[in-house]
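This is the structure I want to talk about, given as structure tokens.
For clarity, chains are labelled A, B, C and D in written order, and residue numbers in each chain start from 1.
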Amino acid sequence: MFNADFFAQTSWLIPCYPLFGALLSIFWSPAFIRRSGPRPAGYLNLLTTVIALVHSSIAFMAVWQQPTQFLSLSWLQVADLNLTLPLELSSLTLGASVVITVLNLLVQIYTVGYLEMDWGWGRIYSLLALFEAGLTALVLCDSLFFSYILLEILTLGTYLIVGFWFNQSLVVTGARDAFLTKRVGDLILLMGVLALYPLTGTWNFSELADWSQAVLSGTQSVSPLTLSLIGVALVAGPISKCAQFPLHLWLDEAMEGPLPTTILRNSVVVATGAWVLVKLQPVIALSPVASGLALTIGSISAVGGALIAAAQIDAKRVLSYLTSTYMGLIFIAVGTGQTQAALLLVLTHAIASTLLIMSTGSIMLNVVVQDLTQMGGLWSRRPITGLCFLVAIAGLIGLPPFGGFWPLMAMLEGLLQSGQWGLIGIVLLANGAASFALVRMFGLMFMGDRTAFTARAPETLWLVVLPTAVMAGIVLHVPLMVRNFSLYPVDSSLSWTLGWTLFLSSAVGIAASSAFYVLERIENPTKLIPAMANRLLAYDFYTPKVYQVTAIALVDKLSLLTDWLDRYVVDGLVNFVGLSSLLSGEALKYINTGKLQLYALTIASFVVVICLYLSWGYLAL
Amino acid sequence: MPNIVEIAVSTEGFSTLVAAVQAAGLVEALSGEGPLTVFAPTDDAFAKLPPGTVQTLVDNPPQLARILKYHVVAGRWAQSDIAKEESLPSLESSPIPVRVNSAFEVKNATVVAADIEATNGIIHVIDNVILMG
Amino acid sequence: MLSLLIWLPILGALLLAFLPIKLSATNARNAALAVSGASLLWTVVLFTRFDLGTASFQMREFIAWLPLLGLDYDLALDGLSLMMVALNSLLTWIAICSSSTTIERPRFFYSLMLFVSGGVAGAFLAQNLLLFFFLFEIELVPLYFLISVWGGEKREYAATKFLLYTALAGAFIFAGFVGTVWLGGTLDFSYEQALQSEIPLPTQIVLLGILLVGFGIKIPLIPFHTWLPDTYVSASPPVAIMLGGVLAKLGTYGIFRFGLGLFPEAWSALGPFLAVWAAASVLYGAVTAIAQKDIKRMVAYSSIGHMGYVMLGGAAFTELSVVGAISQMVSHGLILALLFHLVGVVETKVGTRQLDQLNGLLNPLRGLPLISALLVLSGMASAGIPGLVGFITEFLVFQGSYSVYPIATLFCVVGTGLTAVYFVILINRTCFGRLDNETAYYDKVTNGERVPAFVLAAIVLTLGLQPSWLVLWSESTSARLIAAVPITQTAASLQLETSRDSVNDGAHL
Amino acid sequence: MTTTIATAPTLPASTHQFAEVIHRLEAGGSMLPDTPDNLKQIIGIYKAYAVPMDFYWRDLLYIAEKVFLNPLPAFKYFISKEYLDRQNAYAGDQASLRIWRGPGDAHPELREFMAKGESGRKLPKLLHHLWHDRVNMEFAEACMDAMLWHEDINPTFNAYLYTDEYIANSDRAIRAYFKGNPLMLGLYKLFPEMFLEQVRRLSYYANLGLFWEVMAPVFFEMSDLYDEGKMTTVPEAMDFLVNGIFAIAGRPIYHHVYIGDECYEIIPKSQGFTWLYEAALPYVEAVFYRTAPFRGTKSYNAQAGQVPDDQKDFHYGILYADVFPVGSAGIPPTLLMQDMLHFLPDYLVEEYQQHSRGEDDMLIQLGITFQRSMYNVTSAVIQALRCALLYPLDDPNPEHLKANRAFFEQQIDRFKRPEARLDDIQQQSYR
């Protein structure tokens, strides 16, 4: 009975383990278990994560190279709406679930070390587990509706996990902005969800793909306007999830949260948007407007994000903008129909950026600051972390033979085939700028002279260093994974010229950055570009200000206006129309001074009056 | 003329100091060529320290030596020379603030007898044990 | 057996008020809890007896009372009333649980609460228009006292305002009822008779309009809502729970039962207008809530917005949307009760409801961590986060309405976004942040204060995860309501054709 | 030092913001007002602090001397029997200077807690550890890290860590420790600085361990004296500390490592490092004053500018900490408060139960008590410094009194920062 297939059939249990751990963690809130500390919550969740990992792995092996299976669980049947939760069991979904649980396991071990001084383990681990559950459920589920539900729950999760250190004011605003921005995306997606159903009668991704085929082949006719509107809504949802321009700011602010949560957020949580986008690609492809939107947003984010990253002085923020960059590249891939390349990029980015943030956090943990300009000279004391950081860079940018090279290469080949030269340029530019930003960060942290803040820098706790090192090993093995699981989407007709060009773009970025920050630490390289451009990048295109004067101001002023209207116009008018004299309260004031009997008397008289009033009404007919 | 150690041994009121110097193994150094300037606390000065202080030091010669070295300056510094200085570099390496106004003060101690000449240096007797910091 | 729901609380109320024995505050409270608990248990029994397959009314009880007036004691139950009665029984118990143990004049207070509960149950069960109206109107009296005696600042003003508005609403409703019966050609106020009356469409529309104004004041919908913030804010938390959780539902219930139920054709004709009205209410309530500095006022405006969803579901008039709307009434009642209860606890402990004075209540040792956590939960439930009951009811309304009134529905979706905005403001200011060292010596939260919150939160969560337990009761009733409309453009409209038309319809809304 | 009331008629009243406190210091008092309640609170908390501290110092030395460079020190908190039985240099019969009259091995309450934990059941060590029913050594390590990171406050000791002698000593120890482990030796060859930096860190483990080894018996003795009715005022408590500081001032600070049967002297005693200069004063500066902002209370965002650019501007220690968030996320001192919670004397438990939320917020109440008690310790340090570097309080020379005042004012100036709690602890209602 307990053969591998059994584990595949019970894959719905995978999200349940972490969820169970999350529920049990509640007992380690300060209000319950008081005489001993909260750490058991962490160990418990580690255990459930291991179980989930083992289960996913066995199930993955069971479905490997098997045809996709579907499971469905009935949830709600009302009127003509039948909501069943369909699960897709394929090597793709279960493979993704393995990746998610592995990353979660490492992150949770890392958290043991990173937050060893924290007393909020119950909360942090239950939230980490909630994310694990949500993410595995998301990859397994085959329905837009349930994906939407999970995304919304994760939005709430983001709010709570960013708000983990709620004593700090910037955390509070960061959590707020993350929640609201993501919610905007969710609701636009909801609009798409609502609009899609009457047309298709299904929310299942696989059936949506069939429907798209039908529309394409002309057996179904839908007006182009409708398709465009729906397509735009479906693209707009992931824009906020994936921190794409102009809804990218929340990711920056979310950096106020504890670093271990940042790891997951930047590597896999933002990728949920990309995942849904990939799943919806057939529908989006129906509308040139929607595809165009994805391409535009993706291009701006890819290049803009990388440029902004190169101008940040805060270590975490460099990484946050790079996430926007890579998500932008995924948008481009989806916009041009290269879903396989997009998924591969999701994978390589998730793995490499996990390592990137882990090693950065390991530095921040005992350098105390996050300010890159106050760091330097760490290489000799922190070589392990430095090496991990280098591996992460190699695994992220287009540097053969490391992981990040392959999806970019696949994308470029696809773009070449369709002759989209502009997009090729954008991908190369983004890659070059990202390389520049990352090597700059490496140089600022590890090279140059030690500063007062970095004078003392032993390698940190083994619980932090060990998962980082393991992660580095995984990053180095990505190319092997790509080969062994034949993840590389294009026939291996590698175009050498293209490969060299991609390599060259990385090399230029690395070389330029090395010249400024590694070999010779230029005191103020910002002098090299105009001050205005630098400020524009350092302050993130002034996006916060733009928000302030647009959306925030609009809602704020509108609410003040309606409040004023409500108090002085609506209420005032109604009062004026005839009740004002009575409402002065004088007439009935004496009641309040009276005694119980008086109240009773009044009740009685009211009843009589009402009865009279009633019968009068009837008699008057 | 006797050297610094000999003066201390032969003069009354320096028995604690002498014992300390012996415990710290500094006899040789203070009997050497020099020249050295020594701020020598009296027995009364040591007695002002809270109970146990001296005993702990005597039990730990290197630490005691360090405190004692703070009372010694290289060179022969008479009161008139010191009057021109604000501080002197001790053998311990921390500076010793000095003031010569109406009174001759060394850090928070007052010199009760200045310019006692020895073959290998000069001694100023002080009424407090001085400490670094 | 339905009568028990009315007479048990009323009998309890009378005994509590006039029994010549000495009762301590605690005992009075326990007695009230026992009575309302008994009603609650009886409601559970009703659920077990309820026949899901029957679309029309069941468990009828009829006693001729004043045939001359056409007033009969005529009670019956369908899915809609069942939900409302259940809400009433539950929230009465919660409200009594939630009231302070040291309340002044406890016997009088609890007896009034029970009285309200019994009366409201009667209104929800009444099969006679006049009986409904009588019970609807008589609620005013105890509520007036509950607000004006036990309320907060400006309570007399608020109570009077409430009284006058509701009385005015009553006048409209009465006019509507009388008109219906009169024009229907009978002198019998029974609901059955009214159903069968054949009134020409234009007249129907006029009558419906009158009823809409009447019930619209009670719900309230904009612009008849200004009594609500004042009243909710002045009322003490238990009374606010009754007002917002149960009494407001008299309005939506009335609209569904007597507006939509009696004049389905007129209802369909007015549909687009109602949808716009609903969307406007949603947006207006949400936007105005954002500007509020007083938590209770914020929740009050939020309530206006949420009643808009109910109206939208009704306006769309598809089976799905009506089920959604009925469920939304319940979910709104539950969430609002939870919110008011929590706000009440916060106010008792911290001494203020002002957002700019509250801070850091999530602090585990010196704050109100559990209350704060539940405040987050209820705020998120209200903002429609999945997994909590608010989401699924709103979603059903949206999905049901989208194919009929897409634009209005989308505006309502925007409304849920705005709901998230003010709840995040509320949570950020109240729960997050640093506790003020000067003032943070608050009393402990007692278990008695926790119980109602736990019960409600558990229901909110359970029904959110397992919504079929909520929607199944009203399904056949909604089907019956929809079926009353001869022309289509209803449930079957989830078809391609219609929806494309309706996209166009929506465009010129 | 004696507490003879030294009125200084020759000096005019201070115009300092905390003039009252300065006058109290000049009269031989403490920054903490002398009330019976304050005395009860601080002595009680010294006792509760000393028990976990007895574990801290033993484990710190165990890590510095035995665990040493273990790359996966998963069991570094599982202290060996040898270190539990180790005789405190200032307690027990063998002590040459006996500060506490009790025994020199681990405190009985500590042993009981280690064996049974709060659960009261004898379970395997590992289970107690996993159930988090244990002493939070992480806090001790954080204190050590603060001393390590603020390197400028301990110049002499720090300079030695970069001498050839130190490097040669470490080299021998590292080679001996990894004997027969080519992987680690290879790594050492590649990245020698990485290993040296670890050893420097371990030297600070030893430093802090040796510091606390003294403080534990001091606090135990104070608690015993209070119980015997021999300590009746806050200034007495402070003077006991001042005397203690002087008595131990010359204790050597060293770092020895035991590999096999051999002792490797990384920092030999002959280096002359003393308890007062190389441990106590840096400890007070690093832990009471500076540390680093808790990640849960300040933004580390470089652009927000909430973390000072200069280490000297760091003021996040216990004298400045907001204790109210204790128990929530991001507030590391909770670890210490929890450790003390296990060992509160009955009279303090009673006291806490009468105030605020009693059992529910005991962590905060004892945290504030701890803050009071550390103001008293800091007062002792200030008085000791005054004693060592300046003049007696009853010095007849007005110039000397002026110098004393200038010193006190300069010390108290550090509490002018808005987040300092000096004002709060003057009030008994601050709990």
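To be clear about the criterion, a residue touches a chain if its C-beta (ideal position, glycine included) is under 8 Å from a C-beta of that chain, and two chains touch if they have at least 3 such contacts.
Everything quoted here is computed from the prediction, not taken from an experiment.
Asker: Chain with the smallest distance from its CA centroid to the overall CA centroid?
Answerer: When every chain is reduced to its C-alpha mean, the one closest to the whole-protein mean is A.
Asker: Taking each chain's centre as the mean of its CA atoms, how far is chain B from chain D in angstrom?
Answerer: 33
Asker: For chain A and chain B, what's the span in angstrom between their mean Cα positions?
Answerer: Between these chains, centre-to-centre, one finds 70 Å.
Asker: Just give me the whole-number Å value for how far the CA centre of chain A lies from that of chain D.
Answerer: Distance between chain centres, rounded to whole Å: 43 Å.
Asker: So the centre of each chain is just the mean of its C-alpha atoms; given that, what is the distance between chain B and chain C in Å?
Answerer: A distance of 91 Å separates the two centres.
Asker: Note the residues in chain D that touch 2 or more other chains, in rising order.
Answerer: Those would be 297, 325, 327-328.
Asker: Out of chain A, which residues touch more than one other chain, so two or more?
Answerer: 30, 166-169, 171
Asker: Go through the chains and record each pair that touches.
Answerer: According to the stated criterion, the contacting chain pairs are A-C, A-D, B-D, C-D.
Asker: Considering only the defined contacts, which chain B positions touch chain D in the complex?
Answerer: Touching chain D: residues 49-53, 55-57, 59-60, 62-67, 93, 107-108, 131-133 of chain B.
Asker: Over in the complex, which chain C residues touch chain D? Could you list them?
Answerer: Chain C residues touching chain D: 360, 362-366, 434-435, 437, 440-441, 443-444.
Asker: For the complex, give me every residue of chain A touching chain C.
Answerer: Checking each residue of chain A against chain C gives 29-31, 75-81, 148-150, 152-153, 155-156, 159-160, 163, 166-169, 171-173, 175-176, 179-180, 183-184, 187, 190-191, 194-195, 197-199, 201, 223, 226, 555-556, 558-560, 562-563, 566, 570-571, 574-575, 579, 582-583, 585, 588-589, 591-592, 596, 599-600, 603, 606-607, 610, 614-615, 617-618, 621.
Asker: Which stretch or stretches of chain D touch chain B in the complex?
Answerer: Residue positions touching the partner: 1, 96-97, 156, 242-243, 246-252, 269-274, 277, 281, 385, 388-391, 400.
Asker: Would you pull the chain D residues touching chain C in the complex into a rising list?
Answerer: 297, 322, 324-328, 356-357, 360-361, 363-364, 424, 431
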